[in-house]
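Look for chain A in each of the two complexes below; its partner is chain B in the first and chain C in the second.
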Partner chain A sequence: ESLSEGEIAALKEQLEEKKKLIVTLRNKPWRMKKRLVLLKEAQKFVEEFEGALGKGKGKKLYAFKVMMTKKLIKFKRDFENFKTACIPWERKIKDVESHFGSSVASYFIFLRWMYGLNMVLFGFMFGLVVLPEILMGLPYGSIPRKTVPREEQDTAMDFSVLNDFEGFCKYSFLFYGYYNNDRTIGVLKFRLPLSYLLVGVGIFGYSLMVVIRTMARNSNEGGDGAEEGEFTFSWKMFTSWDYLIGNPETADNKFASITTSFKESIVDEQENQKDENIHLRRFLRVLANFLITCTLGGSGYLIYFVVKRSQDFAKMEQDKLSWLEKNEVEFVMSLLGLVCPPLFETIAELEDYHPRIALKWQLGRIFALFLGNLYTFLFALFDEVNEKLETEKSIRNATIWALNQYYANYSSYFNTTDVPPPNVSPADVIRGPCWENAVGIGFVKLVVSDIQVSYLTILVGDFLRAVIVRFLNYCWCWDLEAGFPSYGEFDISGNVLGLVFNQGMIWMGAFYAPGLVGLNILRLLSSMYYQCWAVMCCNVPHERVFKASRSNNFYMGLLLLVLFLSLLPVVYAIMTLSPSFDCGPFSGQDKIYDVVMETIEQDLPSFIANIFTYATNPGLILPAVLLMLALYYLNAVSKGYKQANMDLKKKMKMARDEEKNRRNNKDSTNQVMIDLEDLLPKKSLIPPPIEEEPTPPGVVNAKGSKSPKMKPGAAAKGVNLQKDVSLAAPNPRAPVTYAPGPRRGPAGNARGPQPGPSRGRGRAGPPR
Partner chain B sequence: MTNADSSSFRLHGRYRELAPHLVPLDYTNNPDIRVPPTLIVTMPELKENPFRDRIVETFSEDGHGNLSFNDFVDMFSALCETSPRELKTIYAFKIYDFNRDNFICKEDLKKTLNKLTKGELSPEEVLLVCDKSMEEADLDGDSKLSFSDFENMVSKAPDFLRYGSTSSTTKRGGKSTWLPLHNI
Partner chain C sequence: MGSRASTLLRDEEIEEIKKETGFSHSQITRLYSRFTSLDKGENGTLSREDFQRIPELAINPLGDRIINAFFPEGEDQVNFRGFMRTLAHFRPIEDNEKSKNAAVSEPLNSRTNKLMFAFRLYDLDRDDKISRDELLQVLRMMVGVNISDDQLGSIADRTIQEADTNGDNSISFNEFIKVLEKVDVEQKMSIRFLH
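Here is the complex of A and B:
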């Protein structure tokens, strides 16, 4: 049939409308029957008239497009779910969070983050340094540095020797000394020394970038942990239950987490309501800080004193020293580590801070304490290095002298100048002391002993204690569970600091012991499972469960500090100490960074060398690096501010719109609410009332004067108040001429055999 | 069969398996059959929900929890992820209104809280939480929450749309039987 232009346009418009209806049908708040009817109607219409408009193909294309869009949405959703499912240990951490609160869970989240960081570092180290040396470098036993010396070969495989990382361990790819100093190795001409140096520096660079980026991202969320909402408790009450939970275990966790969350908010609220006697508080806080500073000073001096004594002991005969005198340093440091943290906690009771803030102070103080340990260790290490350097000089001279002797003898004996290199087995060559190996071994031993101590502490301090309390309780005079010693609480500050310092050790030691990063990966992995188990099995939640601060920036800040502290020794070693003459990838050079200079001169075009000599002025590099870091951080933070700006603008706009609507006295502010009129239940669910309460305030009455309890703004609405407030009452459209009578209750239409959709309650419209 | 038909067919299957002796296979004559609440709350989607009794009561016509098939479909449709916020708000208000007087009073709050925490909080804590909630949300000062108070409070909540769920909980814990309605 031929249609006029106007009719075609009108038809097209209707068609579009129907199509739109089909797509948005499921979002409409209508009852099922209505939806089905409308859907059939719309589909029939579209089918009929799309054909008439000659868009037969268009319909298929349209249907295809709709299907693809739906598939895309579903795919996106599945992908999001998959990504969430891929996050490791998410369920474990959620379990811990629901039972112990968000502050304990924040430790495990930090642990997981560290694991991710270490994986990347491991990838660098392993892929660019260890693998090339193993695959393309000379095998074990071919050159002196890769062979166990003759005198050690008998004991090289003993467990006690391996435990100290001597013997075969020392002459393997785990330590610095194994790597050869050939400029290029293998078919691919891989520049191993250059790669070693760059990876060593790159590890610090990458860690720095990641820490700063995480800090910037965290600072966007801002806040110190306190939830700034207008409706904290109301939201927790009405919107926290997840209606999609069907699994009993998940439900249990959800109940626990809701309870914990309420307790956290209650703690926050009680802190706000506390009475303030400012002067007393300030005095107590100053006193507490004074006491703690004294303690820290005392422990610092004690460590210094003990180290000085150990230096004297080292000069004496080793056999004459008792065990205590030999291990005095470690003993004192362990003692301090055990005694001081509880002491700090007790003194901190004077300060009476919010638990979240008290945790931060505790972390800071124990950090200061552990710095003492750190500087002692470095001090001792540095002494050892200097000693080895001295020995090396003499051995090196001896080796050169021996070689010269050999040449002289050979040429005088055979009367030639073409002297072949001496035919000595690699195991018999005189070896230098290789101080880098000593440093690497020192770090590895420290990390291993740290791991052992921490695992043992958990086993004894938590597990054994829990077992004893549980089973001895049956035959003990007082209640072990309620009184002393009871079950342990998870020590957040101790564990976080342990993790941070452990990472510091890794950063310092990775340059001299490439295998250390791999060791750390194993440690973090096992730690995650072990500690999760220990927490769920042996610990009880803190008495005052508090919400962790939303930005983990405090932990990140500590990590950043430790990163800088561990950067210094390594940079110092690279810049000033000379490498050993016979071990490691830099042997034979004057300074370690000579490798870079060499590469530039030989491999790169000459003008770059010129640029480089100008640019390597330290006065230029340092400010440039700091500036770049500052720029990076500020850029990341600015993104957060932009987002916050947008949110605020949106909020303001919403508030303005609300005001406008309220003021303009609109009858229907919301299309959806009009749709919802249909849905309001047809009969009230209220049992016959005991009294004549005006249950639907303002519904029955026109001007709202009978409803003094309504919101001021809403009361100004006109007759159509049914949209606003009450849901259960009948909805008379007729003008009201009498006061509300007693309700007829649910008897009305319900009992009859009419399961159809809502019949109008007093409405004129026919039921659909 | 269109999508809508097939999904309501699946829902009908679910409805029927609750009470096979009650529900007929053939619904073309719109028979008036209602399934009692005791059977409905055994459904896996509702079993773990602390408010399951209230949910079923709210969607029933007689207020005692007996659901006809249309009520059944309406219930699932309203609880579906894609149903509009206003709809959920209305039904949420009805669910939390335990004494069905169209206001959420202190008693209702206490009952809600106890169901949520399974009685783990001490009475003082319960009192504190209820007082604070009432203080926050009650705008007209009558110490009970009317629908407008409730709606105002909930509309500002960040995650009300999915009742606070995250996709991980859905995937791991929930049964995704809401899917039939996604295809409508």
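Here is the complex of A and C:
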């Protein structure tokens, strides 16, 4: 029996109600339209469900429908569970969150988000560019660009060569130079060059959309928790345990997380209670900012100086330079990267910010520092590109000259004009320097060395340190665990910035090295497991555990900035530099975007070509793109506001309904009061002192500003002040024997949203 | 299991329990089969050890107090009627009950009664007030030695400050209700029957 007795009873009752309605419809004081609508509805209901109770033929159908609904509900629930179970690494991140707090966990959540983004980018790149070329393009060794040149073939498989991404690696699908410039390939006539260009640009477009959408979504969540200002400790006290936990490990995690959350609240409270000596604090902050600006300026100049010197060194004989002079740039960069962040942290102690805000400042400053890194790298790369372009011109001329020679000789020797193409093995053809490959290799080498450095740092800086502290402690004079060096804390800012800059590198290099995105996927995957293990094994929680800001928008903002910065070089290269003449999918063309023009002219009808020539005016494109971005962001944000609006409307409606109930039918609200009084012994019914009415409006304003400063007053000066910030008037406790007075107009409504449901609980205000 | 259960539970008993607690027929049968599966001794009553075998209660810091709530004063065994009487507090509130005017005697699973159940977990000495010491006990069970005693004391003080409105330095039942008025107690303190 799919219908339980309770359901049958409820159904019978509803049926009776509807039948009664049909009979009494004429007597109701409603408009005709309303009556007709209700009549139709009631008749439909009776017809449908009378069958269900066995009175008609419809019982089986009804039972079937009910069963299907139940199955659907179960299926939906299972699907939701499945979707939640599919979120990767949720358990790991919860573990980290319980033991280290939400700020450390926010880094891992960011890492997971990045992984998702990179998976999509990988899907684009792999599916639309790499796979068609491998499956439908010419195989390795058939044309010059796909073959290792003769002189390099001996060393092509050596590990040292492969490590530098030369040899076989360079002539594989990992790099730009492998791709052929045939307009269409294979049976499906897949337009590879067009696809390559569109994917390259599409990667940026998609990343931009996703970052903006995430920022918009995050900014909405800020509105919900705004009411958590009251009863923080009480709620943590009474409602923090999760009663559905049955697994001992999970219980341990829950213990740790309850402890951490109490500690976080304590830190927040301490911050609110700090003594304010505004002038001293402002002065110290200005001083700190001044020192840091000086440091940043100094490091910027140092970088500029070193780069200039390296350019001079490059012109000199390579053998005469010492190791230091050859690697001066990298050396100076690493030194700055090691020394400056701790220096910034020490100076930041002057500022005495809340740890969450101090983290943001630290992030911003290290970001500025690393921009210098980026600048030098791009500068060096640009120099190399220019150099290669020069060489290319000469080789190109040489190749053309050789070809012409061959044709001339052949036709004069055999006296024909039908000259077959030169029969040269692909490995022997003269090659141009292919600057795009050099750029791609440069990026890949940078990313790989970055990975190696970061993994090594974790291994040495965290693991080795922890091992030494633990085992050397037995035979050392001072307590290594409590004093220097002790166990490391997880460096949130350094890691986040590393991730952000890494992604910038990927964005810049993906156009010239399609395999880079795949490499990044592997890196992020291994990084997740490796860092989770390292954090749980070798780190200790911060001394002051603080709650992460509710929105991740700061990280997203940095990411957006880096996205724009990495967009610029690529767009510049696409628009201005000309591609190599013998490698890559755009070889032979004047500019890379010529592919698009060619496609439009040849494949699409002619009027589109006209439209396009008008539309590609840069003065038109740039404002259009910016406008669309702004619209997208505002649209995404407006959804969140709509939701917040609906919630507020609901609350106000509830408040109004309760007021109405209170006025019309005081029985229904006082019932709860009577029950309460029945349950409790008489001695709890001590009447409290009556509140004065004027305070609540003033208190509403103070509470409305949501300033946390209200609490420290309450906490520090004892209980009495707390009453001023409680919004609703207390229970009168004496039985209510008079009707409530006339409603106070707007002031009553101003309180509406806050005490919503409670207003109806028999809380008649003091008589006016 | 199901057939054995229904033969041991007579229809008149089911009707009585239904009237007293408000559970439906199928719900009572479900709960009876759960009762019998917990009753390892098969003597029709549950002891404290039977409850402590439930993993969720075993690792719960307030587990012992919850178990105590099932046993009436001074007794060590609870039969099925007593079991259902306590569980009646956790019956889900149906929508059509919310809009009806309250019956003469308030049902066991009203919001107030649910909160009363929770209140009694914290108020050990049954003086209808949660004092600072009782809060400290709860804190020590929840957090253990990971937070210093001073800080625990401040947390307890702060909690009382937030909740106390009549200045007696303890939390009465009304203040408790006020603290939890924004928490969806009806949904959290309900058994989820998945029919």
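As a convention for this text, the second predicted complex is superposed on the first by the 576 of 768 C-alpha atoms of A that agree within 3 Å, B and C clash if a C-alpha of one lies under 4 Å from a C-alpha of the other, contacts with A are read in each partner's own complex, and residues count from 1 in each chain.
Please note the rule applied: contacts are C-beta pairs under 8 Å (C-beta built on N, C-alpha and C of every residue); 3 or more make two chains touch, one makes a residue touch a chain.
Just so we're clear, the structure is a prediction, and the values are computed from it rather than from any experiment.
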Now for A:36: first (chain B), second (chain C), both, or neither, which partner does it touch? first
Partner chain(s) touched by A:641 [first = chain B, second = chain C, both, neither]: neither
By the touch definition at the top of the document, which applies to A:25: first (chain B), second (chain C), both, or neither? first
Considering only touches as defined above, state whether A:10 meets chain B (first), chain C (second), both or neither. second
Looking at A:230, would you say it contacts chain B, chain C, both, or neither? Reply first, second, both or neither. both
What is the contact status of A:91 with respect to chain B (first) and chain C (second): first, second, both, or neither? first
Looking only at chain A, is it chain B or chain C that touches more of its residues? B
Could you tell me if A:81 is touching chain B, chain C, both of them or neither one (first, second, both, neither)? first
List the residues of chain A that touch chain B in one complex and chain C in the other. 230-235, 237-241, 243-248, 251, 255, 258-259, 262-263, 266, 269, 672, 676, 679-681, 686, 714, 726, 757
Touching residues on chain A, where the partner in the complex is chain B: 25-29, 31-33, 35-36, 39-40, 43, 77, 80-81, 84-85, 90-91, 94, 230-251, 254-255, 258-259, 262-263, 265-266, 269, 670, 672-673, 676, 679-683, 685-687, 693, 695-697, 709-712, 714, 724-729, 746, 750-751, 753-757
Could you please specify the touching residues of chain A with respect to chain C in the complex? 4-6, 10, 70, 74, 227, 230-235, 237-241, 243-248, 251, 255-256, 258-259, 262-263, 266, 269, 667-668, 671-672, 675-676, 679-681, 684, 686, 688, 714-715, 719-720, 722-723, 726, 730-731, 757-758
Interfacial residue positions of chain B with respect to chain A in the complex: 2, 4-5, 8, 30-32, 44-45, 47-51, 57-58, 61-63, 68-70, 73-74, 77, 79, 81-84, 86-87, 90, 92-94, 96, 100-102, 109, 112-113, 116-118, 120-121, 125, 128-129, 132-133, 136-137, 139-140, 142, 146-150, 153-154, 156-157, 159-160, 162-175, 178, 181-182, 184
If you look only at chain C, which of its residues touch chain A in the complex? 24-26, 55-56, 59-62, 96, 101-102, 106, 110, 112, 116, 118, 122, 128-129, 135, 138-139, 142-144, 146-147, 151, 154-155, 158-159, 161-167, 169, 172-174, 178-183, 188, 194-195
